[in-house]
Structure formats: C-alpha cells, structure tokens
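Here is the structure we will look at.
Lettered A, B, C and D in written order, each chain numbered from 1.
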Amino acid sequence: MWSGVFPAVTTKFTEDDRLDHAEMERCFGLQIDAGCDGIIVAGSLGEGPMLSHDEKIDVLKTAQKVAGKKPVLLTVNEPGTREAAAIAKRAAKEGASGLMVVPSPIYHTNPQETVAALTAVAQAGDLPVMIYSNRLAYRVDVTCDDMEKLAADTRFVAIKESSDDIRRSTEIINRFGDRFDLFTGVDNLAFEALSVGAIGWVAGLVVAFPRETVAIYQLMKQGRREEALAIYRWFRPLLDLDVSTYLVQNIKLAEVHAIGTNDRVRMPRQPLSGERRATVEKIVKDALAVRPTLPSF
Amino acid sequence: MWSGVFPAVTTKFTEDDRLDHAEMERCFGLQIDAGCDGIIVAGSLGEGPMLSHDEKIDVLKTAQKVAGKKPVLLTVNEPGTREAAAIAKRAAKEGASGLMVVPSPIYHTNPQETVAALTAVAQAGDLPVMIYSNRLAYRVDVTCDDMEKLAADTRFVAIKESSDDIRRSTEIINRFGDRFDLFTGVDNLAFEALSVGAIGWVAGLVVAFPRETVAIYQLMKQGRREEALAIYRWFRPLLDLDVSTYLVQNIKLAEVHAIGTNDRVRMPRQPLSGERRATVEKIVKDALAVRPTLPSF
Amino acid sequence: MWSGVFPAVTTKFTEDDRLDHAEMERCFGLQIDAGCDGIIVAGSLGEGPMLSHDEKIDVLKTAQKVAGKKPVLLTVNEPGTREAAAIAKRAAKEGASGLMVVPSPIYHTNPQETVAALTAVAQAGDLPVMIYSNRLAYRVDVTCDDMEKLAADTRFVAIKESSDDIRRSTEIINRFGDRFDLFTGVDNLAFEALSVGAIGWVAGLVVAFPRETVAIYQLMKQGRREEALAIYRWFRPLLDLDVSTYLVQNIKLAEVHAIGTNDRVRMPRQPLSGERRATVEKIVKDALAVRPTLPSF
Amino acid sequence: MWSGVFPAVTTKFTEDDRLDHAEMERCFGLQIDAGCDGIIVAGSLGEGPMLSHDEKIDVLKTAQKVAGKKPVLLTVNEPGTREAAAIAKRAAKEGASGLMVVPSPIYHTNPQETVAALTAVAQAGDLPVMIYSNRLAYRVDVTCDDMEKLAADTRFVAIKESSDDIRRSTEIINRFGDRFDLFTGVDNLAFEALSVGAIGWVAGLVVAFPRETVAIYQLMKQGRREEALAIYRWFRPLLDLDVSTYLVQNIKLAEVHAIGTNDRVRMPRQPLSGERRATVEKIVKDALAVRPTLPSF
C-alpha cells in the first residue's frame, strides 16, 4: 500500500509558541518537490506529545494541502488509549490517509496490552495503520509474535521498524513475507534495511536534505547500489543525528543551515546550546562543504 | 515542612471507566485513619497520565475532603511543560498543599532542561514542590548537581528519591544536610533509607497495608529498629510489588484482598491475568496468612 | 592482506577431556575443502580461555597441517598482558600467520590501556594482528579513536568488527578507508556488513555449514546479491545461534547434526540440555530439512 | 563461622613487576593491627587474574605469616574450572582457612553450570567456601535459587553479597536465616547491609583506612548506630572508589596517601593518570583533611 520515502516532518512554531503554518507549508513543500512519497505529521520528530489535539489536526490539514494526492499520516502517540482513540477518530474525519501508532509512550505495555491498545486505536480510526515499534524510545517492543496477532486485522498495513537492530528487518520478512509494508524508521540503518528488503523509509534528516534521501532510495530501487552507498557514506554523520535523545533539536538545527528555517522547540525541550550546538553545527557545515552532486535517476 | 508516610494513592474507577469518588473517599479514609501524614494524588500509581486535567482536580478535591488538615499534593506528570504549568496553576487555585513534579515523562531532558522545566512548573503553581526523581521510570535523573541549582528556589522543599540506588540518599544528605525533606519513593528500600536519614516515605503498598507501613515508620522514628525490621522482613514480598512495570495492577490486586476493593485500571493497562495474577495473589495471600500483630507505638 | 571467510573453529575434546587432534584434523579439513580462506584457532568459539598455552600451540599446529598455504591465526585472549605476550611469542615461533587479539577479557581497560595492551602483544609476537573488538562479550570496545592510534603500527592489519552494531562498519570505512582489512565477526550481521563494504567474515556457523557460508561470501563478491540474500534468509535462524551466551554449545550442537561430530565442552560450560537443547536441535533440523541447493560460483 | 571485617587486600609489586613480600607483610600487618577479622588474598582487588598459581600461593603464605590465628582465604577466580580446582587443591595443601570462589569470570554460566562449577571447586579444595556473587563484574549472578541448591553442601558457609542491590541482603536472610554467613562485598552499601542484618564486610578501602572500617563495624555491632553513621557519611566519598572499573587503581592511590605505599599495578591495568588521578587524589586528600577522631569501642 505504501512505499518510498515518508518524511516525519518537524512542527514549526512562531516566536510566541503558536503553530507557524506558513513555514510548515514551505518546508513540507520542499519534501514533496524533492520526490518524497508521503508525509507523517506529529511524530516523535514532530513533537507530537507537546501538541494539543486541535493543533495536531491543524498540522494535518496543512500537510494535506501541500501533499496533493500523496498520503498524509497522523501519528497517534497519546499516553492513554482513550485519548489515542479520540485523536484517531478525528484524524479519520479530517481525511487522513492513515495513522502511525505508538502503542504506549509512558507505560510499558506487555504483549497482550500492546495488541489491545493498537487494535483499539485502529478500530476507532478505521484507517490504514503503520505500527510504530520503537523499544528504545518507548520501551515497548512490537515483536514478531505481536505482529502475528495483529496480522489478522487488515487495517495494519505497515511497520515502522525502529528496533535499532537491523536483524529485525530480516526476521519480519522471513516471518511475514510482504504481508506488511516494511519501513525502516532509523536513518542511519536505512541503507542496510533497504539492502535486506525494506520497501520504505520513515526518514528524519530528509527534512533538511530531501533530495539526498530520495536519491539513496531511488538508486537502491534501480539496483544502482554503489552510487547509493557513496551518498549514504557522505550522509552518515548527518543521519547519526537522528539517533539521539536530542534528535528534534539536532535535526531542526540541520534545517537551519540547510533550508533556512528556525530551530524553535517546545518545552521541556530547548534548542541546542554550548558545546553540543557547536558539535552539531560542525557536522552540518562539514557535510554541506562536500555535498555530493547527485546522479540523475 | 513535610515528613512521615505519604501514600501515593490509587485512582478508583467505576465499571464504565469514570471516577468512583465514593470508593476513593472510603479508601483514602483508611490511609488517614491509620495515621498517614499526607496524601499524594494522580502519581504513577494513581494513573496520572491517563487522567484528564478535570479528573485530576476532581480526585484532588476528594482527597482534600478526607485528609482534613493533612497535606494533599497533586502530581504533575504532563509530557509538555505548557500543560504541566496549566495543571499546576489549577491545583493551586483549588487549594492543593503542594505539587509532586516529574520533570518530563516522555522526552528525556538534559540537566539544563530538567531544571528549567521544574522551575517553570513551580513558578506557575507557586506552591511547595516535591521533586520527583525517578530515572528508571522516566529516564530523567534529577541529580545532586541539578538539586544544587534548584535549592535557590525556596518552593522546592522536598525530594522523592526514586533513583533505585540507596546510595543516593546519603549523597543528598552529605551535600544538602536538611535543606530538602528527603522522602524515599521506593517501597522495598524504605527501611534502608530511613536507616541512613530519610524523614519521609512516599509509599505504595500502604494503600493496601496502611497500618504496617505507618508502624515501620513510627517504630524507626522511636529508635525501635529491631521491631521495625521484623515487620519490614515480613512486608518485603509485598513491597517488591511496588518495583515493577506492573506496579499499578500489582498494588490494586493487593488492595482487592486487603481492603476489599476492585482492581480496575485504564487502558493501555489491563488487570493482571493468567500466571502473573496467580503469582501476585499468592504473594498477597501468603503474607496475609502470617500478618504480624503490630506493637503499640 | 586478509579477506574472505575465516572460520573461528571449535576445539575438539576426547571423552577424558584431552585434545582430540584426529577429529580436529577432520573438521578443519571440511573448512578448507569448502573454500574457506584461513583458520582462526582458540577464539571465543574455540574455548581459548579454557586451554593451556601448550594446548593452544598444539591446536595451532593441527590447523597448520590442514590449512596448507592458507593463513592460520591464533587468538590471544589472556587476562594478563604478561601471559598474552608470552603466548604471542610462542605462536610466532611456531609459524603462526597472525594473531587475533582481545585487549582484555576480564578487566575493562580504558582507551589508553587498550592501546597499550594491544601494542604490547603485537610487539611480543611481531606478527600481523587482527584487532578483536567485542564490547558485548568483553566490555572493552576498541573504538575508532583507538584504531587511529593503532594505525601507526603496521602490524595491526585487520579488524574483527563485533560491536554488534552494523553502523560501526561504515564508520570504520569512512574514517580509515582500506587501511584495515575489515572483517565482520557477527554471523547474523554478515550480509549487511558485506553490503556496506566489509571484505572478510570471521564466521561461526561455518564450522557446521561451510559451503553455505562460503557461497554467501563469494556470491556477494560477484555482485550476485539476490542469490546471496536468499541463502542468508534461509541461514538466519542458524546464524542467530552465534549471538548468544551459549554460542559454543549452540554451534557444537549444530556440528553434531551437520557434520557428525560430538558437542563436548570444557567446564564451566556444559552441553545444552533440556528445553534449550530441544529448541536448538529443532532450529538445526528445520534448516537441514529445507537446505538450499547452492548455485555454482 | 566467619564474621567481621575481612580486607580483600591489594597485591604489592616491585619496580620490576615481581611480588613485594616485604611490603605486603607491612601492609597486611596494618590490617591485623587495626582489628580486622581475617584476610582475603588474590581477589578482584588483589589482581588475582594477573597472578600465576605460584604467585597466588606465595601471597597466601605471606598473609598467613601476618594473620596469626585469624582466617586467611584465597580467591579462586580462574576462567576454567579445571584450573580453579587445581588452585583450590594447592590452597588447601598450604593451610588456607577457606576459599572465596567466583563461579566463572569470563564465560557467563547458567544456573546449572554455576552450581556445578562452585561445587567442583569446593570438592577439589575441601575447604569452607565463601560464594562470591558479583553479577556486575562477572555477569554471573549466584541467585537465591542457586544458593538453595548449594546449601546442601556444608562447605558453602558464607556469601560475599556483591549484587549491587541492597535488597538482596534481606532476600537472603528471609530465605536462609543464618544458614550462610552474610558478608557485604560493596563498600558503599556496607552500613545499609549491616543495618538489615549482614554480619560481615569484605572490605576494600579498609586497606587504606583500616581503623575507620573496623570502627563502623564494631559500633554497629554495639548498637551505636549514630556514631557509626557519622563515620560512614565522612567515609562515603572514599568508599565510592570501590565501585568502579578502576577500583584497584583507585584504592592503591588511596593507599599511597594514607599508608605511604606505591600504586603499581599489572598490565593491562595502568596507574591512574591525568584528570582521573587528580580527581581521586582530591577525594583522598579532602577526606584526610577532615578525618574524624574515632570513639573508643
């Protein structure tokens, strides 16, 4: 159902901490122009847990305006299943193409609870669902055994594989074939995941470097692996910024230099400062200084 | 300012998942009757992240009705600082005695952000604050260096020490003397914490066993350590239920057998089932079968 | 200097716990016949820490007899650097082609100590060295910064990359180009490592399945990736047996069924028993039942 | 059988890396003079894994000469059970009072293997054994279930409890009463362990501060808890040096300043240098500057 590069876009704020829809329209547009295949709003990178339900819906609408016929997914990331189901319902009503669902971001559900929570949200929204499995960020792992149970419900169409272990991709393919659209959710494991058979990439650094991300994906798809690998090697110090407690601030700072936007975040997050800011800026500038010319594809 | 046993009470739900104020009144009353020194609502054990702001305030009011002149604290446990400040303000308006504040339950703040988030909430509520440091549950550790910075603000009066490392208690005392009221927040480290100088206990199993919890505290205070230790040894298999991903379900199941209530929880949590339920029930029943006669104190 | 498949062979024991040289000759011969490119003795898989120095040298000689002109490396895995240097010297005297060196298997050296220990062993043996970096097994990580320091000594020619994180391979290539021969040391990350540029594989399951292991390597080298991937997917449940506390027992049990040998180990290890033995046997038999026909290469 | 303070003494080396028996005699003598109740040689702190069997026996003899009628234990810490049994036998022949036995310092035994390895060593030595359970250093935990199996063999008389979790002490007492002599093996959990019922302390900083260590123990035994706690609070920054990858170097550096010896270690260890050395020296000097006057006991 889904494949290709899906940016998990950042949310843009005004100086007085309200949503900056004009800037989001511009930034989301860069993604679509570069050839991305869909947009995911209000994820971890989109500071979903710091947005109200009304704000989430507003960001969804802005993305829909930009995306045209490409799918726009809203992330469901609420601590309580009651609230998760409520936002899923609203997203459906607003015409979201699908949902990316975190089972439980504070409490660590056991397998039975994980399956029940995901199912409750899928039923409430009645939309295609991408299962977001990220045991490092949320300490809830949607395992292959859980997927087995979820596979009976056709609403679960895709998996964002963020276990941080590349082995999991082959395990999913060995177990389920193409039952689920397999997306990698970890930027600096993306080349490896595409090598073993993933068909999608929920990407982070793409928001600052959309053309390079799309190039890697498309070149891999065409079997031009060495060209893809060369870009990936250049890209790696940047992609590493996605695997960090500070991924939001890191990536927004990359955006500052790459696409000329701001790096405002919502509290408790604060923009990077001091040594950490300097380190990330150096990584971004060093990469920009030797930015590769992309081949046609 | 504060000392003694402060139960972090469970929230009671009706069969149709609304707040059961009558049952909370009864259960909170057992705590006060047994000699507890305050009540904390909407904490981890109170399923705070699954309650709306309106519900939190309603639980606060019920506790206030029962507690008389004893302090009632509301837990601030919101993912966004904006929402955390908002509920702090409402709690103050409703006459809460203080706040127990988690710095950041989803995002893992760095020290500077931790201090900023706690400070923002304290300023919004302008109430005495118990700092809730629990690096295992929330992966944010309020360290001694952070406390140093917070010490300048007199609103920070107490620490709920839940680092899961008993060494931390002595570190806090060595560094700050009695600047902060030191509460242990880990049931099965409580005797040890009181031995090295903690003056309070934010307790969990107390909701099912209030008299035993108060007895340990009071006997320690009177220097009757061997009597306290004997009760503590009996109590340990029960207290261990507090240190678990399933602490809410564990402790509500203990309540079922000890004080005749129900163990309803909010999704994504589910009541214990199968082997885990049987194991916990055996622990509770085994303890009840040899429940010690408490000395007068 | 080195490339291809290097089995880390198991050590064979008689019923009365002495070295079984006849059986080792037979088993090592299967590796060479299948087209492996070298042999490594007395590694983790070879129960090196349970062999005396005399025994290590005897195993080395047996491997040399079988390997012909292909390189034979001895693993240096002694807790003390004094003993590590001593066995390195003996190996050199016996004509070993090189050493695979663990910095420190009990004490967790800091970077300065890691570099000093590796250097002391390299100087004592004066042989080409493969650096064995395995932070999971030994809790000493030979990082890229450490490699930078070691690169000045031309004796350090290769790296056995066992960090358990596939990202490290690209980091090494990005930093050092082809200064070091990059071997993956983790069976179930091998396809991914070869995909991003590793040129060698220190293999485990190869001892039971030498032809399949060599096939994957050679097909990858010839750019026949899809054929290699198909074998790898079949192989994965077996390769997973290499990443386990019980890798020695797991792999020896695979050898029992695949090449008709025994699974004797030295204490404190014991052969697998009970449920774990049954699980591993099922994995091996299931794989044997659908063993793929290998393409010519 | 055993109780009180048992120093795990450091091993002293000459400038050319041989054993310095004269210096060991002097240093061990300070321990006995201060009132320690036994001596343990060749432990983690004694760099046991860097000593040959002959050297271990020589250190044992030196300790015996100093200890008089007090017990001297030799630590068995060999990677292979065959070698562990061999040194146990030699220790018995030389009149060791007992053995402190690590189940397996490199391979991580499962429970069945743990019990088998400990039993093999106990049978070989036929001496009283202190079980050394240290899951952090060796990743083998001797659990209460394992102790249950070992309890049938009367040679297992004591436990060195180094799980790093103070809860374990109460679990052992709740399960086994006084079947085993319970020693804490973690300096900065010692006061807490004695508070809940441990009767012995395998101590580290004692080698530099024997009188303070003995004072805490004796005061606790006499019920003079507040006096003991005051010394413990002063002692804590020093005791923290025991819980570190660098405990040997830390404690030897404390010895430099407190008892005027050297801090030579065997490779791969190196003496502390740079910032780490400065930090530890500051801790030691700060503590010496406010060294408390000890009460009579």
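Observations on the model:
Everything below uses one rule, namely that a contact is a pair of C-beta atoms (placed from the backbone, for glycine too) under 8 Å apart; a residue touches a chain by one contact, two chains touch by 3 or more.
This one's a predicted model, so the numbers in the text were calculated from it and none came from an experiment.
Annotation of subunit B and subunit D: not jointly contacted by any chain, touch as defined at the top. Homomeric contact subunit A/subunit B is classed as same-residue, with over half of its interface positions used by both copies.
In terms of the distance between Cα centroids, subunit A is separated most widely from D. Subunit B has its Cα centroid 36 Å from the Cα centroid of subunit A. Once the centre of each chain is set as its mean CA position, subunit B and subunit C turn out to be 51 Å apart. Residue positions of subunit A touching 2 or more other chains: none.
Viewed as a contact network, the protein chains form a single closed ring in which every chain touches exactly two others.
All chain pairs in contact, by the document's touch criterion: A-B, A-C, B-D, C-D. Contact residues on subunit C toward subunit D in their complex (touch as defined above): 17, 49-50, 79-82, 103-110, 112-114, 116-117, 120, 245-246, 266-270, 273. Interface of subunit A with subunit C (complex): residues 166-167, 170-171, 173-174, 188-189, 191-192, 195-197, 225, 229, 232-233, 236-237, 240.
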